[in-house]
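Before anything else, here is the set of structures, which you'll find just below.
Two complexes come next, and they have one chain in common, subunit A, joined by subunit B in the first and subunit C in the second.
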Partner chain A sequence: MISHLRTMWLVFIHLFHKKVTIEYPEERAPLAARWRGRIVLTKDPDGGERCVGCYLCAAACPVDCIALQATEDEDGRRYPAFFRINFSRCIFCGYCEEACPTYAIQLIPDFEMGEYKRQDLVYEKEDLLIDSQGKYPGYNFYNVAGLDAGVKEKGKGSNEEEPVDIKSLLP
Partner chain B sequence: MTVMQHIWIVLGVLFVFLNIAAGLIWVERRLLALWQDRLGPNRAGPLGLFIVLADTLKLFFKEDWIPPFADKLVFIVAPAIVVASVLMGLAVIPFAPGIVVADLNVGLLFFLAMSSLGAYSIVLGGWASNNKYSLLGALRGASQMIAYEVFMGLSLMGVVMLSGSFNLTTIVTAQQHVWFVVTQPVGFIIFFIAGIAETHRLPFDIPEAESELIAGFHAEYSGMKFGMFFIGEYLGISLISAMTVTMFFGGWLGPGFLPPVVWFFLKTFVFIALFILLRASLPRPRYDQLLGYGWKILLPLVLVNLLVTGAIALWLRS
Partner chain C sequence: MPTIYIDNKPFDVKTGKNLLEACLSLGLDLPYFCWHPAMGSIGACRQCAVKVFKDEEDTRGRIVMSCMEGVKDGLRVSINDETAKAFRSQVVEWLMTNHPHDCPVCDEGGSCHLQDMTVMTGHNYRRYEFKKRTYTNQYLGPLINHEMNRCIQCYRCVRFYKDYAGGKDLNVFSAHNHVYFGREKDGVLQSPYSGNLAEVCPTGVFTDKTLKEHYTRKWDLTNAPSVCQHCSLGCNVIAGERYGKLRNIVNRYNGEVNGYFLCDKGRFGYEFVNSENRITQPLIRNQTIEATAYDKLIQHAGKLLSGHTLVGIGSPRASLESNYALLELVGKENFYQGIPDDLAYVEQKIVDILESGAIHTPSLKEIEEADAVLILGEDIWNTASVMALAVRQSVMKTAANHTTEQIPLPSWQDLAIKELVQETKGFLANVTVVPSPLDEIAAVSMRAAPDDLARLGFAIAHVLNPSLPEVPDAGEMINTQAAIIGKALQQARHPVIITGTSCWSNALIRASFDIAATLNAGLAFVLQECNSLGLAMMRAPSFEKAAAYAEETTNITAIILENDLYRCIPAIEADTFFSKCKHIIVLDTLHNRTTEKAHVLIPAATFAEADGTFVNNEGRAQRSCQVFMPANKEIRESFKWLSDIRTLQTTAGNGHERNPDDLLLAFENRFPKFAGISKVAPPHNFRIHGARIPREAHRYSGRTAMTANMAVSEPKPLQDDDSSLSYTMEGYRGLPPAPLIPFFWSPGWNSGQSVNKYQQEVGGMLKGGDPGIRLFEKTTTLPAFYQDAPEAFVPRPDKWMLLPQYHLFGSGELSVYTAGIASLSSGPYVSLSKHDAERHHVRNGDMVSVKADNKTYTFPLSIQESLPDGIVLVPAGLRGTDALSWGSWVNISTEIV
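Let's look at the complex of A and B:
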């Protein structure tokens, strides 16, 4: 009986405790820097698309919500002709980000993606591309890749030496 | 008193108590939330009060489904019984001098009879549902009600002895000098415990017991029929709180700076809040614990209380 009354008293004084509720639209809980939210496609420092259309994200996706079609421009640079993510399917697992060899696809701390129509949850490339380098500023895939795709000439990239002239005897 | 005045009082009591019962949806959710360090519904309307409207509308638009295996007539009648019996019980409670629907000379017995009739609603509802969980809930409800009714009545007999009347108005006026909670503390505690069991509120919500019996006797109910059980429960809380105030806390009596009705409802709300606090704080006992507690502890205790009260009353008179 005493313990019951004590319990009731302890519960009652919770009336004056600080409330844990965060009143969402007015107040927001801080999101972690690595929060896995809305998926974006980032760009190179020089403004080119990072995505090279390798399909690794689509292959890694456990719910098959990513669809894309790779194509090439006249310089031989690969890019996606279309890139489509169905966010009504996406489970925000981040495997696509882990799989991406060019840091193009990234998950950002944003979860406010509510829509009135289901079809509006299907994001096309225009919706996904952002004018930012995301989490890897300064990274340019075609600058470190061996291929000359219009970004740099052969041997001019970072961590790359000029090609050796095998016909010359000079050191 | 003229006929019109009687009708106005009846309508007023109906209006006030049905609104209290509906408002308790909000009160309970807010208070529970506050005691759990949350805020509770605070969006719809001022302070979230329109949650009552939203809930009611939702209940109205729910499909009113009667299971094909149910006993249709009884299934429909059961939820009405609880509301009707509790509203009948409210008829004898004096809210202020002269404001009472029926000033019966056996008002207390009428109240006890009506609160007993409420048990039918649980038994019939659970039985007509034709579902094993509902039936278990109904069985539990029946035995719990019978067990706790016994000393609910007996716990009030001390008050009756002291005031010498079954008439609730007389009982209130007998508390002019000292409230019966002072002279009958054991009676008050036992009556309140029995009241919780009678309204099958937590922690004594054994007939419902959502963690064991899903929802017990009203598992099959939906829509406004469920709403009737819901409102019946809140009306029951109001009735028991009002009754506690009338019997032990001097009814409408109080310092003169507030009108008697205000005193009555202030006191009643304290007990309604206490009901909700009980829900927030105490876990549900096991079924056999509840019955054992009732028959082995509370019944002897109330009989001893009656004996001592009777002895003192006789001694004072001689």
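Let's look at the complex of A and C:
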């Protein structure tokens, strides 16, 4: 008997507790900045594509849902000719983001990707590319790479010496 | 066999090797950079340090470079010693202080020796806080990319390019920590072996520029063991595909054939597979809608075949399977070689000689090990480039061997041997019609007309064996040269004679045979196409015989297999032949002048899309496996098309597709000379522990996305019923049988340097034996000497002998589809000797007309100083030019523009 009353009491006081249920979609849960949701491709501070088509994300992907083809512009700057993620296979593990040497591929706190047709879950580069630097503002891979790909000349990058004058005999 | 102790474990190793080779041959991992199995040791990079102990009691030991330490019995070594490991990781750390943060945009990434070695030594964090050194790059031509920042100064590039391949325009400049590897100024690398820099360089300084156009990482390629299609040597290659396009060609080690290196034509000449000019649709011409489908085509072809007189024209560049399928379809008596009579005659002579068993024909490896070489009439620099590289090694190694016989030095002590040898060279006689870069290392080089070269050959045979007849009216020139060459060949232990078909001269083959048979020397032939010897062995009549048959017969249906007749037959003869045919069925890969004549055009698969067996110049049958299945189902192997047409015609088949194994078995039964070719590679149902051999690396990416744009449900993996390779990443991961190695990879060794894990010993043969089966072996047959020297060549007052000039870049039918190769190929020209040009008062660049085969060809003149008088040279096989009657006498006229 006491046990019954105690139970009823405990249930009753829940009326005055703070609600845990969120009334989605009217209400939205706050998601952390590092939440692993929809994958985007970000841009450099200069507005160019950050992705250099190195294929590391594709290699890291445990479900092999990333396919791309690298190509080059006239300056030798690499970018993906196409970049495709099959979100119907993606498990949002974030390995691609971890593997990306240029901070191009990033997982963002967005999960609202439901579709009626599975085919619509195949995202091409146009669907993935956003006009933002994402989580790493100010970073441009070509400033720290040795390559001259139209972003900086040889020797002008951070932590680089001027190109060697091979005709010089000085030590 | 000495026993050495590595980390206290005893191992038996081979004498005469260095410690690094011994460790690698034992399957142990030891990092290195500057050492290369084909180039020996110089001890420059300090990366392969190990600790050597005096004896069992010695606990302190000393650090040595394993590549500079010979093995000796009882040697005690430690690879895992803490100090040795620390030393190695420090060396890598130094090398990496200036290495740029480039891997994501570097083409070497994923198959990079530097990456592998850095991981192997455990270096992972850059402690050096100062700035990185940078260099400006150079333009090195359309085939090789230069990114000098990545250099680790191992000197492999110049050791290969200058020392090994004899190139002159790549060197090391500047001093101390500023050394620079490049050219004196921007420009195209001149050596035809420059593509090997991409594989020799342990990092990404030199990379393949054609791969850059459609860049794919090594792990993403679908690979298969293949055979190069661009000359008769049959170098083994690995071809890689991604997204339905062929992406690159890398070397596939075969100790007997190409070893570690390829020529640029073979490495870069693959773009024709991806060409816009490919035939992609079966066509039945002269009807409203020409494009047709498989069923209709087969039926239509069946109609054209039944009740007609058949003529089948085979091809020296099609596989044995395809040629045999055509022979089966048309019948043996109706099967012809698609080559001119003169060439067929020369090739027949070669086959006669090889089949007689009286001489031994050497592999490229044996040519490398020869100690005297005579090249009689063949321009191997252009027609068999990798053979020229082998000849160069023979010349260099002979000198080195002579030296090491006097002073005991191990053969891998590269620098010390070079110091001792200096400019001494082994014997090479390069007697040809046209000059060649090989003349620089030749002891004797001589220019003469083919008949005079043959006379020289017979004169040499007479010097070697006085019972053979003297050459009548030989003249002083021939007699002195014959005496010099004869003496050198006589002194040699392993002489090799090289000749070939590029002079279209039968006498040269006979003369070479007489020399080789007298000396018991190796006799190597160079032919024109990748399967020339295979086709010649089928002993079918030449094209002229087919044309003559067409002349007297009506109602002819001609089936032409992968052969652009206009490239080898004068246009007028080809036109006449086609005009006599009622129906013309052509199977080919690319549109050309012959396919324009076709009434029925059938799209055939290229080497990358087909399985095929090819017989190279030494009579080695080799299997080339399908790299990828074309997405376009209309493109099928020629032998499949032909077998299907035959099945319908004879209603003999039971609807099952025949695989190449069955075809080869039937072929073997019909032509016993080819016995063994069905066993060149394991059969299609070969499995290891029930598993196939995967064409794809275990890290192959994008399976669930690459076709998702078309359909999100992944298709079933492609099924290969013709070979035991699979189109997936699943399968047997151990060492596959040597003929089926789709790519070289081993844990920790992602670059091509992992080949040492596939070899029985470093630089030796592949585990299980080098791929390919030799169809000719020397028997005890006594040679039947020819002894019939031709008349001396006499220039005629108003006629010139028309001879072809082959070009490595430009003369190939398929390789010029690579834009880079096309841009390096020469335009048409006419070459005359200096004396002839003076006689006609023409200078370089003046327009000269050659009247050949009822046509007049006007090209600019290019005077060849050393060309014999009375000969006119025209480049052979340039794109868009006609085939000429080589070896015929033609008129020329000069007009000054």
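Everything below uses one rule, namely that the second predicted complex is superposed on the first by the 161 of 171 C-alpha atoms of A that agree within 3 Å, B and C clash if a C-alpha of one lies under 4 Å from a C-alpha of the other, contacts with A are read in each partner's own complex, and residues count from 1 in each chain.
Everything below uses one rule, namely that a contact is a pair of C-beta atoms (placed from the backbone, for glycine too) under 8 Å apart; a residue touches a chain by one contact, two chains touch by 3 or more.
All values derive from a computational prediction rather than experimental measurement.
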| item | value |
| --- | --- |
| First (subunit B), second (subunit C), both or neither touched by A:Leu56 | second |
| Touched partner set for A:Pro109, first subunit B, second subunit C, both or neither | neither |
| Partner chain in contact with A:Pro45 - subunit B first, subunit C second, else both or neither | neither |
| First (subunit B), second (subunit C), both or neither touched by A:Thr7 | first |
| Larger contact residue set on subunit A - subunit B or subunit C | C |
| Touched partner set for A:Gly150, first subunit B, second subunit C, both or neither | neither |
| Which superposed partner A:His17 touches (first subunit B, second subunit C, both, neither) | first |
| Intersection of the subunit A residues that touch subunit B with those that touch subunit C | none |
| List of subunit A residues in touch with subunit C within their complex | 52-56, 58-59, 61, 63-72, 78, 84-86, 88-89, 101-102, 118-119, 121-122, 124, 141, 144-149, 154-155, 159-164, 166-169, 171 |
| Touching residues (chain side subunit B, partner subunit A) in the complex | 34-39, 42, 277-278, 280-282 |
| In the complex, subunit C residues that touch subunit A | 100-105, 109-110, 131-137, 147, 149-150, 173-176, 178, 180, 212, 214-217, 219-220, 243, 699-706, 708-709, 711-713 |
| Partner subunit B, residues of subunit A touching it in the complex | 4, 7-8, 10-12, 14-15, 17-21, 23 |
